[in-house]
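Chains here go by letter, A, B, C, D and E, matching the order in which they are written, and residues are numbered from 1 within each.
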Amino acid sequence: MIEKALSGSKYYWAWICFLLAVILVGVAAYIRQFHYGLGLTGMSRDVSWGFYIAQFTFFVGVAASAVMVVLPYYLHDFKRFGRITILGEFLAIPSVIMCMLFIFVDMGQPTRILNVILHPTPNSVMFWDMIVLSGYLMLNIVVGWVSLSSHYKLVHPPKWIKPLVFLSIPWAFSIHTVTAFLYSGLPARHFWLSAIMAVRFLSSAFASGPALLVLLCLLIKRITKFDPGDRAIKGLVTIVTYALIVSIFFVGLELFTAFYSHIPGHMQSFKYLYFGLEGHGKLIPLMWFSTLLAITAVLLLLIPATRTNQTTLVIACIFVHVSLWVDKGFGFVIGGFIPNPLEKITEYWPTLNELLVTAGIWSIGMLVLTALYRIAIVVKVELEA
Amino acid sequence: MSNLKPDELSRINYTPPEEDWMAVPVQMRKGMYCHGASENSLTTVGFPNPRKWSSADTDWKLPDNWQEIVLKGMAERLEKYRSFHIFMDICVRCGACADKCHFFLGTGDPKNMPVLRAELLRSVYRREFTTAGKILGKLSGSRQLTEDVLKEWWYYFFQCTECRRCSVFCPYGIDTAEITMIARELLNLLGLNIEWIAGPVANCYMKGNHLGLEPHTITSSIDFLLDEIEEVTGVKIEPTFNRKGAEILFVTPSGDLFADPGTYTCMGYLMLFHQLGLDYTWSTYASEGGNFGSFTSNEMGKRLNSKIYAEAKRLGVKWILGGECGHMWRVLNQYMDTWNGPADFLQVPVSPITGTVFENAASTKMVHISEFTADLLKHNKIEIDPSRNDHYKVTYHDSCNPSRGMGLLEEPRYIIKKVCNNFFEMPENTIREKTFCCGSGSGLNASEDMELRLRGGFPRANAVKHVHDKHGVNMLSCICAIDRAALTTLMDYWVPGVKVIGVTELLANAMKMKGENDRETDLRGEPLSGAQDGEEKEDSEDA
Amino acid sequence: MPDKSKIFFLLVIFLVIVTSPFIYNMVRTPAGVVVKLNTPVIDNMTVKQCILPKEQMIHDHMKILNSWRDDVVRGNHREFGKIDGVMYEKSLQLTCLHCHSNKSEFCDRCHTYASVSVYCWDCHVAQKENKL
Amino acid sequence: MSVDRRQFLKAAGATGLLGLLGSPLFKIFAPGELEASPELKEGMAKSAKRWAMVVDMKAFPTEESYNKCIEACNNIHNIPHIENEKHEIKWIWAEKYENAFPDSYNGYVSESIEKMKFLVLCNNCENPPCVRVCPTKATFKREDGIVVMDYHRCIGCRFCMAACPYGARSFNWRDPRPFIKNLNPSYPTRTKGVVEKCNFCADRLYRGELPACVEASNGALIFGDLKDENSNVRKTLRSKFTITRKPELGTFPGVYYIIGGS
Amino acid sequence: MKILLPFLGVIGIVLVAFVGVGLLNLQYLFGVIIPYTAFAVFLAGVVLRILKWGRSAVPFCIPTTVGQQKSFPWIKRNRFDNPSNNFEVIVRMALEVLLFRSLFSNTSTALKEDERRLVHQSSKWLWLGGLAFHWSFFIVLLRHFRLFMDPVPASLYLVESMDGFVQLGVPVLYWTGLILLISVTYLFIRRVVITNVRYISLPNDHFPLLLVLFIALTGLIMRYVLKVNVISVKAFTVGLFSLKPNLTQDLGLIFYIHLLLVSVLLAYFPFSKLMHSAGVFLSPTRNMPNNSRRIRHINPWNYPVKVHTYEEYENDFRDKMKTVGLPLEKE
């Protein structure tokens, strides 16, 4: 079926060429970084993780959110997701690939990447992250590919695929849980040291991922002959709405604990992010922007008129996604490092080179996504023809 | 018809036997091969070793020095055909071709895997013509040319339709058609042809066409078709034959003149040319587009083909138009000009209706009817009512030779989509350059090898069945005369309810002619699904 | 011969590629490799010997260094052993480079010759020679 | 695998194919293998069950006095001097009270303490979070309590930096060599892309020497075995009031501070 | 037997080198005479084979057309699967040789027994395995040039640094070596496991695979396990490639085994199916444009044939033609 990704209209190829061009720029930027060192990024001794790891964290969420279509469809026989399960699974694949690439470009010594396997270290959460991520990637590739190709051949999917589907459900939860453990198990980082980190991650993921999926579905409906179905989109929107509300609720819980207990360590990062700390506050506008988007989105999604109107729905979904992207793909990681363990403040802002590498990885993700969606849609359209 | 039911015939075991293929002697199974060439047919064209024999006999009455003849023939051909020489040497037996052959898929006989079919010849080549084979012997996969081997060649090289499907997938482009052609040439050196090829060849040589229609029979056949046309459309057509000074010579396979459903396609040609007012002529001398000579030997192909240019020259036409036929177009595209050209007495074809210059036929000066028609439709030169084909749900079978020996894929589709409303493609791995053979090509469409034909046609029929079940397809369109004959049998057996139709017949159904009656039936006399049906349908949908 | 020119063109390309090492070595006359052992420390040695026999050092120095780094860093086993009453530490910089203070002559010659690039020198520094 | 004289020869004789073929053929496969050399004696290493340090702030009267310690460390370990604070490499350095002990800072400390700079370094914790998180065991705790880094193995993921509650770790954001003024040829530098930190001069201890900073501290830094009742460290801890940094985190630092009083 | 014999053959080669060098000390034979002979046989064999093929005529223009022909400007043609000029042929050939385009479109067909339905699905494993094998073999070979040339050309460093991106202790890991081993093993296993492929395989299909497998294995052992003295090896190979062979180096038996295996591969090459690497360029179904209706292809050995002329035809049927009023040349 791969060859289906190799044919398409001139718009398709223009888009592919555009992505390839960005990837090329990203690769060049990475080569520069490879030779110079990570000093080319905005990271520092104090903010030792930056944009790359934040993006990794965010896309783990997008990857995990595939479960939001797989689970209702397979466990609860929620038929209307039948047409989009493959879209969910195929969204997870580029997401995980992006996660892996973001980790890779964040490594100081990428040539030693095999050390993680050569010297397995089960006490490190990162070791488990490697396992769950690669496992999840394999699961989605196998499940997605095998069910699509069986569908295409009009044969029943092989029996062994069912257990893998069921396995992929808890596995999806595991990838984001383990990713949350990367942060929530660190003693001196009060901002992250929270038992609800995993559920907070999951709830925001189940809002941002499906929101993206809604946007993709609407786009597909518009530019291809495949219609994912309004009922499926409605289902997704419901998930987005409640996940977003829960996510905001969890942030509220964190705020309460920090500010009611009034333990300085717990408050400082929040203060830095939203109000500024000791005159530092580079992220304040971004964080309020995110907050504003989230609240607007909640309203747009709760009010029936705006929820059913396609334009406002698109706006709401973009707001959800961007809001959570800013929150998790930026603020959350940076905020944890400010102030540093010595209560000093070093601020962070990504550099151009860092952004170019990031853009390259996004483009790789979009390239994979485009190719996979192209295959899935061509197959579906052919079958329905 | 085979005694086996479709359900039984489609029980196919693809697992090869335990012993090595060289150790498995050929077993000639009835129904899987054709009668040997008759003495008469061979004598007519002056072929060697004409005699009374039967392939079922143990003694094939070979000349004493038959091995010498074959090996000398091989040596000669290794020098004359680089393709043969290369294909004997470079196969790596990767197996990519194995499940591409319709005969393998239909029989499960491992020697029908293209690679093994070629190995039948290669094993002898290695022994006689390579150092490694001489030194290593059996280890190098070589063997001696014995009578059993010869019989195996005969059996299996007349179980190949030269469809070239394997060549598409071969990483080196090894073309079993090419190997089969050489193998058949070698067999013909010993008078080992099949009658179903040798007979038409003799006919074509003497009378101008495979069916052996003599000049007056041709005109009367066409007269009969003209009456039919008049009956359906009310239009009277008067074509010309052997007319000097015509602009265009029209050549089509003779099968279209005689056997249903080819005759309907032929009616289509007549109607189209009449409607256009084309200045063209038929020829009774060059009354065959197909070329069973090419299934015999290069030389015989050339001898039969020569008539087209000769006749074009004699009649003084400007260019030649060719009808719907499969292997005819492989010959016209890849061989004719080389054999019998240059056709410098002709002009680069120009459509008199649209003025389009057929640049791609600048040297052969011969245009495919589908190219010609597609060009007309593109320029809206014919008025079309596609709803007249509404009672058909159509799919399209790419004939092997026009697709893999020419690349004529889009033109017929363009026509079909213009002239009918219900068109459905078969699964993608069974169409276009990956199309499956009808199982009866290259002279194998006899009746005595019916089981072979049904088995060979199984993959094609299977794909038709798919669209038949899914979309209710009831009409299989094609641009090949052998297809029209072979697929009809095939459909009756495998997918009852699906009929076979030429693209030009579809066109003629939909084409509005000057002075025609209100048509109530199509060319076959089937009632059109008229306005009433449509309304009824809508009503029932509302309800 | 049909396609004569094309076939000869391909043949020439083939021959040039296949015989390129011969041609290259003919044009660039191979210099071979000569390792200079002379350093002040070695010149002053009465018995010129390494920590292990020369042949073994040539053959196994990479294995030795590779295992030393784990021995020293991870196992804290730093002693290699005494030779003529002198204790030798498992240390590239302190032991090897002490005598072989001419890295560019001693190490690099062979490594360049065989195009074996190592990342030892990313961290480890050669005495004096190492220009920062 | 380990290569010292004895072990090497044993290991080489037994590997894979060679074992199967027996030793006569071994020479053909791997020419130049020779016999073992004489026995060796024990080294002079200082050893301990748990190395620890006490920083006596009273004994650092001037800035110069503790800068000596820092410089000694920097020079011996080829620590680069990078102007850009973001890319700094620090093994041992000085911090104000409020930064070194942020959790116990109440805003009303004496002026002397407010001005005082505290030497901070890797605490070589008993229960080090950095070791827990390292995905390759590039950071590990030795039996003598020193938390060591294997720079050959570090992949530069910087998880340890996020985990360290004391900011004791530095990352080589770029090649450090251009920033080393006086290269100590007997100690390696680090390559770009790895994390580094103080290791209590593990190599010096092995050679029977005290850590560089301790040696340069004029007695202000007390170093010894925490598990040895008679060690300097234990004596000091018994006699003086000491604190550790962020004790509430349960890392059990191996660096103790004497701040004031007697 | 088909598998056992080639296997024993390869083992035999290993043993010959083992005995010849290890016990009989025939270094000169195995280090100089055999490699030179093998190389000469390879060169001469390949050239002669190609010339022999080249002498065969190309009478007809018979490309396999795997896509739409060039007809009208408004019909989208498939330039590289149905090339209409030499440039497009070159692209088609390049795609074939460099990317194995034909195999990329490979399918596999299975009969669903329950429904008697043939299911054709795209099948890319052979393509992937073949591509991985050929490319990694090529890069491994290219990397070997560092041992053939002195001084090492700068361009080789680039290949090495990209291939050796990953550290795995000392020395760095070359991916291609690993991929070569895996892919050649895959190709061998598929030949043994897939029943139909096993059925069509000959001993001389298994032999080169096993030979390459052992070459790769001995190479990897030399690099990662036994650590053969690369300086000696290079001094020796550069000697060979400067026509000044010297055997003063201690090379280790494993090197001689590797060398003999390679020599056998070289000498075997021109007489075997391995010539497909050259033959693919000469394959008429792939290296010709589909333009024979536009430009006449010449058959060098075209000769006149006996035909049944119109005159003879009219003579045969004159009366019948007259009856139905067909025009005649002679009344």
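In this section, contacts are C-beta pairs under 8 Å (C-beta built on N, C-alpha and C of every residue); 3 or more make two chains touch, one makes a residue touch a chain.
Since the model is a prediction, treat every value here as computed from it, not as a measurement.
*Asks:* Can you list every chain in contact with both chain B and chain C?
*Replies:* Chains in contact with chain B as well as chain C: E.
*Asks:* By mean C-alpha position, what chain is farthest away from chain A?
*Replies:* Between chain A and the rest, the longest centre separation is with B.
*Asks:* From the C-alpha centres, identify the chain that is farthest from chain D.
*Replies:* The chain lying farthest from chain D is B.
*Asks:* Contact counts by the stated rule: is the higher one at C-E or A-D?
*Replies:* Greater number of contacting C-beta pairs: A-D.
*Asks:* Can you identify the chain nearest the overall CA centroid, using each chain's own CA centroid?
*Replies:* E
*Asks:* Could you put a whole-Å number on the gap between the CA centroids of chain A and chain C?
*Replies:* It comes to 47 Å between the two C-alpha centres.
*Asks:* With centres defined as the mean C-alpha position, give me the chain D-chain E separation in Å.
*Replies:* Here the centre of chain E sits 57 Å away from the centre of chain D.
*Asks:* Could you work out how far the Cα centre of chain C sits from that of chain D, in whole Å?
*Replies:* 32
*Asks:* Out of chain D, which residues touch more than one other chain, so two or more?
*Replies:* 30-32, 191, in rising order.
*Asks:* Among the residues of chain E, pick out those that touch two or more other chains and give their numbers.
*Replies:* 54-55, 57-58, 105, 117, 121-122, 167, 172, 227, 229, 250, 282
*Asks:* Two or more other chains in contact with one residue: find those residues in chain B.
*Replies:* Only 82 qualify.
*Asks:* Once bound in the complex, which stretches of chain A touch chain D?
*Replies:* So the residues of chain A touching chain D come out as 36-39, 43-46, 48-49, 103, 106-110, 112-113, 115-116, 118-119, 121, 123-127, 130, 182-183, 185-189, 265, 336-337, 340-344, 346.
*Asks:* Taking the complex as given, what residues does chain E use to touch chain C?
*Replies:* Contact set of chain E toward chain C: 42-43, 46-47, 50-51, 54-55, 57-58, 145-153, 156-157, 160-161, 167, 169-172, 227, 229-231, 233-235, 238, 241-243, 250, 278, 281-282, 300.
*Asks:* Enumerate the contact residues on chain C facing chain D in the complex.
*Replies:* These residues of chain C touch chain D: 51-56, 58-60, 63-64, 66-71, 73-83, 87, 90, 93-94, 97, 119, 122-128, 130, 132.
*Asks:* Where on chain B is chain E touching in the complex?
*Replies:* 6-7, 10-12, 14-16, 20-21, 46, 78-87, 89-96, 98-100, 105, 110, 113, 115-116, 119, 130-132, 136, 139-141, 164, 167-175, 178, 205-208, 214-216, 219-220, 241-244, 284-285, 298-299, 302-303, 306-307, 310-311, 314, 332-335, 337-339, 341-342, 356, 358-364, 366, 371, 374-375, 378, 403-411, 414, 427, 429-430, 432-434, 458-459, 462-463, 465-466
*Asks:* What does chain D use to touch chain A in their complex?
*Replies:* 85-88, 90, 95, 98-100, 102-103, 120, 129, 132-138, 153-159, 161-167, 170-175, 191-195, 246, 249-251
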